[in-house]
Amino acid sequence: MLKYIIRRLLMLVPVLIGVSILTFSLIHLIPGDPARSMLGEKATEAQLELLRADLGLNDPYIVQYGRFLGDILQGDLGQSIQSKENIAYEIMHKLPATIELTIFAMIVAIIIGIVAGVIAAVKQYSWFDNISMTGALFGVSLPIFWLGLMMIWIFSVKFNVLPPSGRITAGTGLQTITNFYLLDSILTLDWQAFKDVFLHLLMPGVALGTIPMAIIARMTRSSMLEVMRQDYIRTADAKGLKKHLIVFQHALKNAFLPVLTVIGLQFGLLLGGAVLTETIFSWPGVGRYVYLAVLSRDYPIVQSTILIIAIIFVLINLVTDILYKYFDPRIRYD
Amino acid sequence: MPIQPNPVPDPEPVIIDQQQREIKPRRMWVDSLLRIIKSKTSFVGLCIILILIITAILAPVIAPYSPTDQSIIDRYQSPSGTHWLGTDELGRDIFSRIIYGTRISIQIGLITVGISMVIGVLLGGIAGYFGKWADQIIMRLIDILMAFPSILLAIALVAVLGPSLQNAMIAVGIVGIPQFARIVRSAVLSVKETEYIEAARAIGAKHKRIFLQHVLPNSLAPIIVQATLGIGTAILDAAGLSFLGLGAQPPTPEWGAMLSDGRSALQTAPWVVAFPGIAIFLVVLGFNLFGDGLRDALDPRLKE
Amino acid sequence: MKKRNPFTLFGFLLIMLLVVSACSSNTSSDDADAGNDNAEATEDNDSDKTLVFGRGSDSITLDAAIPTDGESIYVTNQIYDTLVRYETENTEVKPALATDWEVSDDNLEWTFQLRNDVTFHDGNDFTAEDVVFNFERWTTSSEFFYYGYMFGATEDNMKGIIDKVEATDDYEVKITLSEPNAPFLQTLAMPPFGIASPEAVEESGDDYFKNPVGTGPFVFEEWIPDDSITVSKNEDYFGEVAKVDQVVFRVIPDNGARFMELQAGSIDLMNGLNPQDIQTAESDEDLQIIRRPSMNVAYMALNTDKEGPMSEKLVRQAINLAIDKEQLITLYEGIGKAAVNPIPPSLWGYNDEIKDYDYDVDEAKKLLAEAGYADGFDITLYTFANPRDYMPQPKVTAQAIQEMLKEVNINVEIVENDWDSHLTATENAEHDMAFLGWTGDNGDPDNFFYVLLDKDNTKVGSAGNVAFYKSDAVHDLFKDAQMEMDQDKRTEYYMEAQEIIHDDAPWVPIAHTTPPLAGKKGITDYLPHPTGSEPFNLVEIE
């Protein structure tokens, strides 16, 4: 197992280098002079020269890349052009918001998705199966930005039961320790804040979780069906074991592996989906951060944020693979 | 409307299909078509797609108004006999804009998937067919592309290229390349070793001929499936970019952009947001249903 | 052989959720007993009175001397004091840091008596030397835009018309001008001339913009960019001590979403109400509409300096003729009046004899043909994403104009940027046409004319005059008006200038608005100032 993990980690190196090259190249893909496109047409030559020197645009690419990589390894992600803020600091402060949202979305997706998938499989062709699988098909076809707005319309405008934006009601006075508000409110035993944060999470979480929920439900169902058709389950059934015992003890255990892969992949993709969700719900995370940076042509922010998210994405995929290998009795590790 | 879930295929037909495919490809297509029509879900999908195409072609006939004609006095009218789906912030007829929007959506779907497919098939084909270092290089490149959440990579690309519908299509197209490359590569790998290719190679046929005449036709099924599903995803992603203001620019009646424009009136005129979203949903659903059906029909093994 | 059960992971997650939901249901039932209004409940917990103010965009900087945008000034207005301040409801000047002042007969020497009981938020005493320090600081960089705009500073003459600032006593300052300046006292009351603590400025250096220290009614607490800025009451304030303990400025970019937050009760007050939401707010018994007195203008600047059609007066006039302002103004949903001149009619010096260009497509086409553009041309219209007080629907307005100009074969490409980039782009003259607006700072027409239309303010990179309109005749009139102390004479100058401007058509004036704010019913004594922002020390909340 350890050998496998080490090998996978080594395989990660070229991918991460490639990712860093690609994000590095982004700034050079800008048509024309990047300094010019950041500062505008009539910026003086002196201003341009200053920015070029700042960004090191005068050096050969390889030198620039070396410096870029060196800075990243030291945890220096550069400075925002607009606000001059330290980007690494900003990302560290906004990342908890995004991670909290994605984890919440994923928990919702996994629980509802797996439960619906299992029931649909056990009661194949029942009304529940029909409805939940139709729902799942709808789920993967929904534009989440639309879903988000419709939820706001229904739950905030029509019924006024859920807050339409933000992470927490201003003035709630939550003491932040980890910047994961839900966790912070538990740590400080501030149940008032916990409820507030939870309510704020609900709509963006469900909106973001819809697609993975649908995919997990479909995957669970088909994976369950396949397993249940296999001999040992039939044997167990024949032996008269209780139905739910069969389902949960044996079938789901084996059906879970393909589902796990989907969960891993979807979890990573949520980091992308967060851009839309965070924009709609004014969620102060990295997704909205990168979007605002795109609008204000603050390329260093775009570059750094994308790089960080890609690294997280790659790591999640790695963990998924390792878990897969770990749980799968059929696979050897070398 | 009760929709039957796609039954999981039994193992036996797979084997028969496998044989048929190599011996009588034409028979396979006929079979598949029959199966698609028989499956209610994919039939619904097919119908949605046909309606979409017909609407796009007949847009000027169907749409009661021009998609860009404004009449500010009539802004934010709720759905009525004169404006079936109401009017937007400039008093433009939402129904007409959605009708014309079908053209944009088809354009987005085809061009985007075209980009992904052509580049993906080429890369995947070369990687699978030649193997060795070509495979190594190409697949590492694909790995790198796949190391980014797709929509985020698309946003980054548009950020760099500048916001426009064209650039949004290029970005979403690039993001879709890996799926095609991987599918084609594995399909190529699986047919490459079969006897008739070995035979062709022994006769001394050229690579290009082998590739075009034997390898490609035999990996066609998964490509078609991916392309169909890909159109749905592409429309969804491009609409997302337009919603963020990074895709279609005004006054283009692109659905994502329309939805975005209606946001500020969500309380007073929710229909401005609601209907374009439903349009996106229906079209994407159509391609997903049809794509699922195609997959079951053409290559049941692809269904995991 | 060890058997691993993947289901344990799932089970673990399930238990987690059960715990979580159990907790949440506990709290919600507790809460139901206590009453549902959670904002109220929070207040009970800690008797702090917090006023949450929702707005559309974040501050760019908290350094009072730098920003020109209303959102930044909203906050600096709380933290800093100026030598003099405006009355709460108009632009008459009243004492603040200065208790008394006099001007010499030649109108060049101004002497201010300062308060001797003021301390900065960092504990330092406020003295005349601090005033000198601030005035000198403003001459060190062109990033202190307002100093440049208001006192005519240029790269060659960074001091502009302020010759000398001396501390003649611990609490007396003498300011010597190189030429008389009629609006001088009015100008000193503008928030950008807030006095910062010299020690804080020097200590924080480049980071001063996020660590502001002034003498104002509120002390800066925290800035979470793109999210919120918190200030707390200054107990030692020399004026009226604030009635609320904290003010939180929360950024909620979308006007509609912000209004929903207000309806839900999570914010107390907001600016930038969507015009279409006014009715909803009026019919809501928990809410009130507060209207800010009108002293602004929204306009479309035509870049007269750009080679091509925009440099032709005939084309600019044609564009004015091709725009149906009555239609356009309906987009303001009753909060706007069509604009004819660069200054609002409420200001003295307004020329109401000027007749607006009438909407006339044929005449517009004729002028275009005369200028040699019968077949039309392609141009850009730069607009901004977030609504502003004078333009609640920038994108929609841009599209409306796009469609109107199509009638005369002018093909408009809309370029939308966020507010910061929009300012940068327009100051850099990237645009052919651009939306902008202005809210009067000091109640003097000079503050509109000189900043927005004088050739002194056309320096690319920091231009206030983004039409890059460089009329010498107008410049002379503006200068004369600046140096003339007699208001009747100044009025004459401005009347004449407006006629020239109307004919040269560097702008399409669009609207003057009465910007609506919405707040909870429980808010009292919130008196919006015509200049666009006001200190919150008088505001009371239930």
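As written, the chain order gives the labels A, B and C, with residue 1 at the start of each chain.
Heads up, the rule we're going with is that a residue touches a chain if its C-beta (ideal position, glycine included) is under 8 Å from a C-beta of that chain, and two chains touch if they have at least 3 such contacts.
It should be emphasised that the depicted structure is a prediction, and the values quoted were computed from it without experimental measurement.
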item	value
Omitting subunit C while every other chain stays put - resulting connected groups	one piece
Chain located farthest away, centre of subunit A as origin (C-alpha)	C
Geometric centre: closest chain by C-alpha means	A
Pair of chains joined by more contacts [C-beta pairs], A-C or B-C	A-C
Centre distance in Å when subunit A and subunit B are each reduced to the mean of their C-alpha atoms	23
Where subunit B and subunit C are represented by their mean Cα positions, the distance between them in whole Å	46
Separation of mean Cα positions, subunit C and subunit A [Å, integer]	37
Residues within subunit A bordering two or more other chains	152, 157, 295, 297
Sites on subunit C at which at least two other chains make contact	254, 260, 385
Subunit B residues counted as touching two or more neighbouring chains	245, 263, 266-267
Complex contacts: residues of subunit B adjacent to subunit A	2-5, 8, 41, 140-141, 143-144, 147-153, 155-162, 232, 236, 239-240, 243-246, 256, 259, 263, 266-267, 270, 273-274, 276-277, 280-281, 284-285, 288-289, 292, 303-304
Touching residues on subunit A, where the partner in the complex is subunit B	14-16, 18-19, 21-23, 26-27, 29-31, 120, 124-125, 129-130, 133-134, 137-138, 140-147, 149-150, 152-153, 157, 219, 221-223, 225-226, 229, 258, 268-273, 275-276, 279, 290-291, 293-295, 297, 299, 302, 306, 309-310, 313-314
Residues on subunit A engaged by subunit C in the complex (per definition of touch)	39-44, 47, 82-85, 90, 93, 107, 110-111, 114, 152, 156-157, 160, 163-166, 169-173, 186, 191-192, 194-196, 198, 248-249, 252-253, 256-257, 260, 282, 284, 288-289, 292, 295-297, 323, 326-327, 329
Subunit B contact footprint on subunit C (complex, rising order)	254-256, 259-260, 274, 276-277, 280, 327-328, 330-331, 385, 387, 393, 395-396, 398-400, 402-403, 413-414, 416
Of all residues in subunit C, those that touch subunit A in their complex	1, 3-7, 9-10, 13-14, 16-17, 20, 23-24, 26-28, 30-31, 38-39, 41-43, 45-46, 48, 50, 52, 60, 206, 224-228, 246, 248, 250-254, 257-258, 260-261, 263-264, 266-267, 385, 417-418, 420-421, 424-425, 427-430, 460-461
